[in-house]
Each structure stands twice: as C-alpha cells, then as structure tokens.
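Below are structures written as structure tokens.
Each of the two complexes below includes subunit A, the first together with subunit B, the second together with subunit C.
And now, the complex of A and B:
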C-alpha cells in the first residue's frame, strides 16, 4: 500500500510538472506567433497514439517493452494529459462545425470511458475480494450450471421421499429462473442486497408450509442460493470490468480514423504545412 | 456446502483459454471439452466415428480423446451408432470486442469517406461558422481556400503543398486590397521599411519585462523582414459568428518588440511627435488666430469663440474634423480671395521687347506692341507655353534657345536671333489662329489637358484673345501669312464678340478673364474660394511636362508671383493672405510628383499609420475638454510662418514653400506626452491593450473591394 501511494505521489507530481510545462510552452509559443494549433494538434495526436499503443502492447507481450504496470501508469497519466491538451488545441471552445463536433464527441467519449474504466478497475477488484470465493470469469456459467443441477437433484430427491409438491412448485416458480442464469446484475454492481434478501425472505416464508424433510431440502437449497448469489456478484463485477472496454477500445480506433481525416482537412484548408 | 466451488488441482482443473477467439459451446454447462473449438469456430469434439470394417464387422474407431470406442458400436451397414453431439462454439469476450472494434472502425471510416468524397454539403466539414464580418462572403469554400478550387483529389493533394496558407491569404487580399502590396509582411510594411525601423529601434537600450516565458521561446521568423505571414497566423476564422478576429495580446506584441514594457505609464516610449507626425494639410496658425484675431470683438462680434466654432467630431465620433471653409474661414478670408487689388494670375503675357534692339539683331517680327512701362518678363507663363507646344516652330526655337531669358536679348549669339524670331512669330501665330478659329483652336492646342475647363469660364477666353489681338496686333490677321509664309490670305474671323460683357482692360470684381495692357498680359482672377478653373489649373501645373518634378512647386509659386496689393513686403505674392498656397499645402509624394492638399482631412485611401486615437470616449465622458490635452506651446517657439510650411530665402528675399509634408508640426500646440494617457490607461478599467492605441496593420482596412 505504501509503495502504491509513493508511486501515486511521484507520478502525480511528474504529471503536474508536465502539465505546467505544456501549458506554459503553449502560451509562450502562442505569444511568439507560433502556429500552436498545429503543435498542440500533433502533440494530442501523439498522445492518442501512445494511449492506443497500450492495446497493441498487450498483443506483443514477448517484446521487452516494460511491464504492463508501467504501461498502465503511462496510459492513465497520458490520458489525463489529453484532457489538458485538447482544450488548448480547440481554444477552450466547443467546436461548432459538424465534423469537428463529431471528433470532439469521440474524444470526450474515449476520455470519459477511460476515466470510468479507471474508476472501475480501482474500485471493483477490492470488492471482488470481499465476497466469498473469487471465481474465474469463464468458469462462472459452468459453476452456476453445476449448482442448478445440484438443486434439481435435491428437489427430485424431495419428491421421491415426501411425494409432496410444495418444494418442486416453489422451485419451479421462484428458484428455477434464479438458477438458470446470472441474476441481479445492477443490484450487485451497485452493491444492493435487496433482491437477494427478498428471495431469502420468500424461502423463509415457504418453510412454514414444509415438513421436516422438505425443510431440510430447502435448507440445502438455501445454501446453494447463497453460493449462486455470490457467483452472480462475481459475474456482475467481472463483466463490468471486461465490458467497459467495449466502449473505450472501439471509440479509440474510431477517434484515430477521425484524426487522420482531421489532419488531412486542416493541412489542406489551413495550409499549416506552410 | 463448505467445500470450494472450484477445484484448482492441476489434474482436475481444466486449462482455460480466454485469449482464444472461440470457446466450447458446453462451457456454460461446465462441460467444456478439453480440446475446444478450432480457430475457425468449429467444434472439434467428435463422439461419432467412421467405423472400420475388420473381419466382416464394422467396429467403432473413436479416439480415446473423444471417449474411446463406444459401447453401442457401429450399425451393420457401417454407419456410426452414436448421435452427433457436436456443440456450437461461441466467441470469447476478447474476440467479440475485436469484432465490435473492427466493425465500428469500418463504419467510422465509411462515414468519413461519405463525408469527404461525396457531394455532401460542404458545411458538414466546415470547422464552424464564419464571423459576422465574413458572412456576406460566398459560402463556397473556394472563395477563401485554394484547396477547394478543384476536385476531391485536388484538396487531398493540397494538404501536402507548402504554400497553401500564403495562397489563401492572397485570396483574403482580393477584398482587403487596401492593406497594400506588402500586406503579408509584418505590419504590412515593406522589407526595406522594416529593416530601417528595426535598425532605429535596435539602437535604443534593451528593456525586458523580467523573465517571461515568451522571452525563452524564439521565433526566428518574427525577425525576418522578408518573411510572409499568412493572415491566419493571427486571424482565426470559423470560430463562430461573434468571434473577435482581431484579438492580440500585449505579450504577442512584445514577443517581437524586444524593448518591452508593462503599460503606458511604465516603460512606454515617450510620444515624440504624436499626433503631430506630419504638418497639417491646410496651413493654419492656431496661436495667432486664437490669441489675436479671436480676441478682437470686431471679428468675433463680441461672441466667445470656442474650438467647436471650427471643429466637429465625425459621425463615428472618432476623429476631429474641421467645419470647412464656408463655416470657419469665409467670413474673414473671402474678401481677401476676391481682393480687388489682386491683379490676377497671369496666363498669357507678351514679352516686352526693345524693337530697336531686335532690328540690330536683324530679327524681323513685324507688328509688336511697344515697350511702354511694361515689366520685362524672363519666361513665358506656363499656360502660354502649353498653348505653344503644338507649334513645331516654337519647339524648334526652344530647342535651340534652351532656358532662354527674354531679358538677355541683347546678348544673343549665332543662331539665337533666328530662333527668337521663330519664337515670337509662333506667339503671333497663336493669337492669329485663336482669333480665326476660336474655341476650336484652343481645344486643338490644349489637347487632352482640356480638363482645366477653360471653356466654362466666363467671360470667354477666346473673346479676350480676339480683343487682345485687335489691341496688340491690329493688323495680324490680314498681314500675317502674306508677310511670313506667303500663303493664301485667310478669311476674316467669323467670331462675334460681346464687347460689353467680355474681357476688358480692367479687373472685374466678380473675377474672370481680363486683359492687362500695361504689362501685355491676360489674367484670371478667381471668382471666389475654390474657383474651379484655377483649382484645375493648379492641378495641371504640377503635372506640366518639360519641368522637373521638383520644380512643380516653383511653377505654382510663379502663378502668384506678381505682387499683390494685399500684405506687406514679406507677405506679398504667393504667400499673401487670400492666395491659395498660403493655406493649401503642396506635398511631395512617393514617386517625386506633387500633390496639392485641397482638404484638411486626408483621403481615406491614404489614411494609414500604426497609431490611432478615438476622441469620442475622451470628450464625451465629460472629464476632458480639448485643452485638457491640446495646450498652447510656449511663446518662444511661436511663429506665424513656420518652417514646416514656408521658408524665407534671404538671397532672393522671397518666401519659399516647403514641399516636404512629412515634417512634424504641432500647429501651435505643445507636444503631447504620455503622462496624461497613463493616468487612466494603467491596466485598470480603461485597459492598456496595445491595440487600443495602435493598429497592427500599417494601412487601414477602410475600403473593401
């Protein structure tokens, strides 16, 4: 923990120093009638390439390009730097041209999704560690299926022993949908126990109508409901950790394409190559 | 239910392949096959086999990996006895993300191609609205961008050209042509001017505003006098309708101007001659008028004269203008212009000749008016020369005589007597021809210089020609050709003269032409201020050929050379009150030619400079009056005739007009200093931006093409 904070302070200080340098240099160059829009534009484009290259880096893990942790740090702070350079480049104003507006929106989406992703990757993993067993994401559907099979075996056993329909009916009505797939995604994501508690209450209320054998069966089922709920929790949080990239990555590539056309347009119509 | 859900023992734990594109369709049931799908997404789990015929019996050949030979075995006909249980593999998350990324990127690319390559309205790729000043410009991109002049391929290629910005700037200058030919240089000044100004400034002690970042960032181009700056370097368009295109910070100014200062009160150079950088176009001595004339109750009718009596603000309340002659000057000066004692401007004059002397030189000129009391002239008046120039004899004579002085007629040598005879005969021919052909002859001789408008003058110049001919050369029309060229006698002139109302031998109070027999001249007296003919004649005089440009002003002086009765010895002739040149200055301009300033206000076309001042916010605030800033200069420097306008030549004892209009002149006021400005312009509410008092562009942007 101590090391992490030390790194955070060091990197933040370095980041602030770079921000001050960039802003000062930009202001000075603007004053000296340099074409700062071009320089800030290329700097911004370079940052986008650097940020996007993190994804490429993951594809070539065999190359000695530094640790992923270092790359992640660079990715985060370079991302924040774009939030400083972009307004400098656009002159602190919302573009009012259609194409420029689309470009700005793409940048905003990529940046926002990145910040959201950073928040998720910093807050969800600790939460995952606090709930029961950490399941491998790819195995969760299989484990849920296994629990469902076990519960159905208990239900069938109860039928053969008691020849009553209370437990099977309750299973079919209330528990089968629960075991069929991961449930309560948003509740788990926002740390809400309400849906699960409601289910447990329903199970508890059912006990009044059950005989001892059935109550024993229901007790076993309740244990598996709790395990399934934990798996759902794992699934919800891990899914979020994986699916936010479905926004961040495609928009990053889209932004890169828009940048190419933007540069072409600017060079042709502003003559910045002069 | 206390045992862990997942078994991580290496033997029982199945290897997960999250990086693979496809995963087993049964993974969701926790029953993924160990082999998994292939790279193309096909299941590789085969519970069926291709039975093999061994000893007349089909046997199961399923591999151990797929469960080994099945119990059911093959059908007798050789078909596999197992039902096909292959799964439907699903994409992994990573693969799905890649697929989404590829498709999304393709869509964005397609969107860009559609946007740029199709006939989509250009406003979709426009980076934003134009400012309100440029909204009137055609919405076609090619109006301002050279890149848009061709097809799509053209603009794409334009991105790789290096002179697009300058090319685009030249398009700006199609409308903003008034910025001049050096508009793309710093301040719109020529390279030579920039170099000379820089060298002057570099001699001043260097001054820095402490450690400023922009002092550390150098832009070599800023100090290159030949560098061309694109308009877009400073003026950023497409930033919305209300965007200020002229924004420029003080720091931007001082990044190039290395003698830096914070604000007007701290470090700004003292005003050397502002706002009196050049003399006024109309010569006016404020001091004498204000302190002598305007204190005389006979002139002011016992009324208090204030600045407003002669000055007013323009419509924009920016510049202080004069009220004009009629309101400000006419009351006192009209009578001087119409001065009865002013003998008028000489337009034609016969040289008074000693006929005996001519005989001695064997010069036969026939009839010529006697010497009498006429003053002997040295040269012919310009107008007369102009009329004679179409005569080959005159030209030939002048070629031989050169700068001939009629007073030197005693000392003629070699061929000169003959040439003098030719010259005098060509003068007689002029009178003869005009008497015969009238207006037609004058028009022929003046050619395209008719602009002086002699035809509209009243009484007619032709009439006075005829009368002068009758008086001075009474037998000229009858004898001229016979005696000289032995040609056929021409008919009598068919010109009817209104002798009652035409030119007389006496000056007319109402102005116009008249004959002056005492010095054998034909003169013109102005009808009043701004006499059209006289004004045109002056304009023509500064353009008279065969005179060096520097002599044009002398030519004007000569027009008034004859002494006027008004004024004393020191102020006679051209510098007498009421004579045009006393008030209307003549400037020597760029190409060496001269320009008569008829108006006090400079023409918009020539209004340029790096300084500006708006009177409005100062005088309308009520805190200032004219004299708050414009104070009288000290008495020791006061003089009626200032050297910026007139210089007295002690050798010739004549006043000479100064043609250098660029000399500073305070018009009788003490020079302004910056202290007054710094009282308010100190960075507080009134602001101290450089552009408040300075124009970046040397030339104004008043006139648009």
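And now, the complex of A and C:
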C-alpha cells in the first residue's frame, strides 16, 4: 500500500477514536450533570490555539519542532475536530446574542475557508502539473510582458513588410487586451476553455483577410497566444493557491480576538467563575 | 538576409597548455621538456611508440606544469577531488598517515570548522538575520586561520610551522623521482591523504589526460604496470571486501582474486562539461552513444565491479534501449548470470547491457574465479541464489517507471546523494521551502524551485551533493570540499576567492556566484573596483538542527531530498 494511504488510514482511525472519546466524555459529563459548556469551551479554545500555532511554527522553520507536514496533518484533523466540538459547546443551536452570532460566523468562515483551502491544495497542484511548463509565480508578469513585446515586434514587422493594417488592427482590437495582463482567471479556475477557444476562432477567421506574409505572422502570434494562455492558467491556479490563505489567516486572527472577548464576557457575566 | 559564416581555427587539444591555464604559472619550454626526457621514468619511455599526432614531447610540454613549492605548501588534501597526478623532481613531500580523517585542523586546510549552531544561535536567527542580501562581515573574512600564497587561481595554502606539524602527526616521506596522486586522478576518486612539502621542492603536475596517453603509448607498459600495481597492492583487497559477494572469501583466496583482477576505463573523463548539451538527445541515442562495457546477449566471462563513475544497465526495447537501473561505485554487474551459469552448467548470456555514463572505471574478475572462491564456498546454493536475486531486485526496482528511470539516468540526477525531488502533484507552490532555506542562510535562499520535470516530478536546481562532485576538481584553494564526517559538499566562505571554477564546472547549475555586501548593502569591491564574489549553494543546513530546512518546511511532503544510491528509498518517494 502506498505511504500516503497508510498515513491517511492511520490518521483517520486516530481521528475517529478521538471523536468517539470526546463525544462519549461529553455525554458522560452531561449525564453526571457537569457544566459541559465550560469544559467544551476550553477544549475548543485549546484547539484553536493549536491550529493557530501552525502559523507561528512557520516563522521558525529552523527550530527542531518536527516537520511541517506533521504539523499540517495535526492542523487538518484538529480543524475537523473543532467542527464536532463547536456544536457540542453551543448546544446544537444558533447563537441568539449578537456577539455570539459574530463569533459563530467567524468560526464558520475560518472552518469553511480551511476546508476550501484543503480542497484547493489537493486538487489544483495536479492540474498545474499536467499543463505546460512550470513558471514561478512572481516571474509570470515578466514572461507575459516578454511575449507581448515579441508579438508587437511581429505586428510592427507586418506593417513594414506588407503596408496593410489587417494584423495591427486585429492586434489592437482583440489581442492587445489579451497580452496586457493575465486573463480568463475564472475560466481557468473552473476548467473552462470557452474564452480561449473563442479567441482562437477569431484568430483563425482572420486568415481569409491576410496575404501569405501576414498569415505567417499570424501563425507566429498564435503560438504566443497559446503560450500566454498557459501562463494565464498557471497564474490563475497559483494565485488561488496563494491567496486563499489571505482569507483563512485574517479570519483566524479575528476569531482569536473574539474568543478572548468571549471568555472575558463569560467569566464576567455568567457566573461561571463562582 | 542570408546567414553568413565566420571561419575560425578548429579548437585543438593543446590550444591552451596546462602551464597556461592559470595566470602566474611558469610556462613549460622546450628546454624543460629536454630536461624531463633526461630523467627517469620519462627517459625510459620509448618515444617511437607514441603516435605522431600525440608525441611524448607534446604531452610533456602541454599536459604538465611545474609547481615551485616552498616549505609547507599543501599539494593535495585528503578528501579533495583532483584530475592530475604529481611527480617529484626535487625536494620531498610528506604524506599524512591516517586511517580516516586528517589530524590537521580543517581551518588550516582551508576548510571551515563544521559545527551545529547552539540553540540560542538557532533562535537568534529570528532577529539577527541581515536584511541585505549576501551580507559578509569583514571580521569573518579576515578571521580564517588558513594561510595562503599567490593570488587568484594560483593561490596555494600552506602550513606555517612544518616542524611543529611533523611532531604532531604521523607522516611518510615521498622523495624525488616518485609519483603521488595518480590513483585518485586516474580512478576519479577522492584523495586519500593530505600531502605537503617539507622542503623547497619542484614538482611536476601532469593532467590526467597526459598521464593516460603516456600509459597507453608506453610499449613497455612500465608506468601503467606501476600505477596498477600501486592500486592493486594498496586498495584493491579492501575495495573487494566491501562488496557483499566477497565478504566470505578467505585471505588466501582474496590474494589470488587481487592478483588476477583486471582494470579498465571507459568514457570521457571530462564528460561532466559537455553532458548538459547531450540532455536534449533522446534516450535511445544516449544509450547508443555510451561506451559499452558489456553487451546484452554476450557470453559472461567476468563479473564487473564499478570502481568509480556511473554505469547504466539497459535492455533492448524494440529499436531502442530501456534503462533498468544504474550502478554506483562498489556495485557489481553480471553476478546473477554467472550464478545461473554455474548452477545450470551452461552458458547463460548477459540479460542486459552495461554502458558507461560519462566516465567509468571498472575492475573485472574472471567468472572462473568467482565460481571457485565465491559460489563453491557458500553453504547452500539456495542461500546464494536468493542473496544474488535480492541484490539484483534491490538495484533493479520494478516500481520505478521506465521513462522516469531514463530521465533520471540520462540527466545524471542519479549522481546525487541529496537530490531535491519535488512531487508537483502535491506541491502547492507556497514557497515555504524557499523561505525556510532563506531563513536558515541569513535570508539568502540557496536553491531555485525550478528545474527539469518528468511526469509530475521536478528535480529542483539545488546542489545534489554528488557522488562524483566535479565542482571540486579545479578549486584553487579547496574552499569547496566534502565534509569528511557526513560527506556533504560544502563551501568554506572565507577561503572562497570567487574564481567561479566550481560554478562553471557544476553541470546542474546548482552553484551561484553572489556579489557580497556589507551591512549597509554596499558591494565589496577590489582595487580595480570589481565586485567581490563568493560561490554559494545548498549546504544541507549542516549548521542547523534537524536537517535540511526545505524538506522540513514542506507542509505537503512534496519536497524530498533523496539519496539516489538508495533505490528502495527512491522507489518509495516516487510511489507514495
């Protein structure tokens, strides 16, 4: 059996065992008429601290604190555990106070963005690996600019050689916006080729208006259009992989602050301390 | 516009004589050649035996250079890689006698003291890393204990107090008229001892190619015999003992094996330089271009043991070849067939071909001796058979896709002891690996997360810490060296003079030259206002705790440093 499946089975089994233990403990405590909300609350807060500490771990990669992949596994399964503990803590009901509602919303946002992120990190890399040559994200704008310069050289070459404006006119109307910046973000993300195919069709349809030299030039441009489209694909998917964290992490900070307030409020007004 | 041509003289082997390769070396003149031809062993060589295109005089004039050494000059250091041999013309040298590891301090030898950072030093990287890239302090630059003479490529490090050193370490003297360094040069293996002069000496350094051609054309064969006998007497027995099949051979039988072993070399010694161009050819071409050591289907008359270099095991596949595996130094070829022949009492032909990837140095042991001293001496045939089978399976992994194996071997990534393989199906391009690397190296990343890709595996541009580190061959100060404790190839920054030899020699572009700066970001420049450079590369986080930061920082287990000698480990990484 492959290593990743062995690990997945082992971790899932451990996770299920912990879930059973937590739920059993919670039920037992309720039966014994303990104040389970306090214990589940602290447990949940502890889980959130554990989850947030992964971000701190990344700041000190040189410390011997285990591998990042181990932390990631703990992060994933602890994250799923919060989805079990949170309803136990809130008593399976929608919070009725404004503050509690905001707190619950933040929890949902952090959890959902985490699950979405997990889905993205598992599905987008294989798609990137199967499409064109790998480009470093930060270099993509530079590569696009280089392509644009090459295409403009071809277009200018057409003007001087053929003295007609068919290619330059088409470039200005249809291709310039395409080469200006990364395009078709959503199409690439959702695996749709419609926009790109439309562009290719438009390029193909130009051929009947072009002489041989211009057709040759358009062929060269088409090759660069294909390369640009691949770069756009890389850009769209790599952007998504990078920027989903810009939702997940700030929401986590927000949640952490709200949890601190929540604890203070609980201890100040609900009489738990007494 | 039509493309024109420009006529230039066709480059020839001796366009740049060895004595002109470095600035400041004494040019070898005709008078020098006459002088050499008057002394043994050169006067004993039969000039008529040499080809007109490759005369002895030409070899001596173009493939040699004189080293005028002062007392204490270090000629070679244990662990260095070198492609030249030395002949003492006058004076004498001392060779350090140690079983493992030089007693001389690494800093004296131009190497850095390798040590792990303390916990506080590790933690302090959080705030003490410099904002400016490639910062170097002037105190670090001058604190090296290494003493050097000369400048640029002609720099030579030396021992200050030779008599004190001689009283501390055990040495043997090599006097005028004797060779040293020839086994490492011809076998492409690391130098086994440190050699330094104990008096002003004149030493003739000869390129590997020159020495090879003298040996080839020497009708009498005295020099070839001398060098082979040196290896046979000093190192062959221990080399054979390291191979599993010879572990049980008695001392007496081993002596006969040693006496009857044959040596052979294949391929191009300087193959590291042009091979990056050959990467573009398809694998079928590459296999056919490689020198064949043993051909599939041929009668197996000897077991082949790889002494140095790299060999490909391939099997014919339609009109091309499929790479099955590769052999590293210390591995054997032809054992299963020899065993089967012995068991069935019939001739079993070789089931695959063995070819040299680049340069290959092998030892051949006749099958008749293997049958007598190995097969007949083992307790049961079954045990022997299963051992040989297991050994073969271990090094012919079926779980590695054939195309991928071709890719790894063709591009010689199998040279690596820490090849960075990234599974692009798992890599989220988060660059945590690059950031961790930078944090561990004063905010300077030491690799590029880009490189050749096959299927979904990328071999990133990072030092692989090669088995045969060609980057080390021409370093004038020995700043780039192999860590004798762990084997990693590292650069001692204070003794690096920025000559770029290592960076130019690395076939994988894994060494970068960095323009160094002070704390304010100003570039250091020399007297002619040229920026000072240092060679930089991955050091496998030798100073850090817990191993390479890049691997530890990968959240998805996508990045792995793989020792390509461990094929089972490689198979596991590629099939997770």
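Details
Basically, the second predicted complex is superposed on the first by the 272 of 274 C-alpha atoms of A that agree within 3 Å, B and C clash if a C-alpha of one lies under 4 Å from a C-alpha of the other, contacts with A are read in each partner's own complex, and residues count from 1 in each chain.
Throughout what follows, a contact is a pair of C-beta atoms (placed from the backbone, for glycine too) under 8 Å apart; a residue touches a chain by one contact, two chains touch by 3 or more.
Treat the numbers as computed from the prediction; the structure is a model and nothing was measured.
By the touch criterion stated above, A:209 is placed in contact with neither subunit B nor subunit C.
Touched residues of subunit A were counted for both subunit B and subunit C, and B has more of them.
Contacts of A:42 after superposition on the shared chain: neither subunit B nor subunit C is touched.
In the overlay built on the shared chain, the residue A:268 is in contact with subunit B alone; subunit C does not reach it.
By the touch criterion defined above, A:32 lies against subunit B but remains apart from subunit C after alignment on the C-alpha atoms of chain A. When the two structures are aligned on the shared chain, A:136 is found in touch with subunit B and with subunit C. Within the superposed three-chain model, A:63 lies in touch with subunit C and out of touch with subunit B [touch as defined at top]. In the superposition on chain A, A:156 contacts neither subunit B nor subunit C. In the superposed model, A:227 makes contact with subunit B only, not with subunit C.
Judged by the touch definition given at the top, the superposed model places A:72 against subunit C, while subunit B stays out of reach. Subunit A residues in contact with subunit B (one complex) as well as with subunit C (other complex) are 133, 136-137, 242. Interface residues of subunit C, counted against subunit A in their complex, comprise 122-123, 125-126, 424-430, 432, 435-436, 439-440, 449-450, 453, 456, 458, 541, 544-546, 549, 551-558, 572, 575-576. Those residues of subunit A whose C-beta lies close enough to touch subunit B in the complex are 24-25, 27-35, 91, 93, 95-100, 133, 135-139, 141-143, 145-146, 220, 223-224, 227, 231, 242-243, 245-246, 249-251, 253-254, 257-258, 261, 263-265, 267-274.
The part of subunit B that touches subunit A in the complex is made up of residues 1, 4-6, 16, 18, 23, 27-32, 93, 96-97, 100-101, 104-105, 107-109, 112, 115-116, 123-129, 141, 145, 147-148, 155-156, 158-168, 212-214, 216-219, 221-222, 229-230, 232-234, 236, 238-240, 249, 251-252, 255-256. Looking at the complex, you find that subunit A touches subunit C at residues 2-4, 58-64, 66-69, 71-72, 121, 124-126, 128-130, 133-134, 136-137, 238, 241-242.
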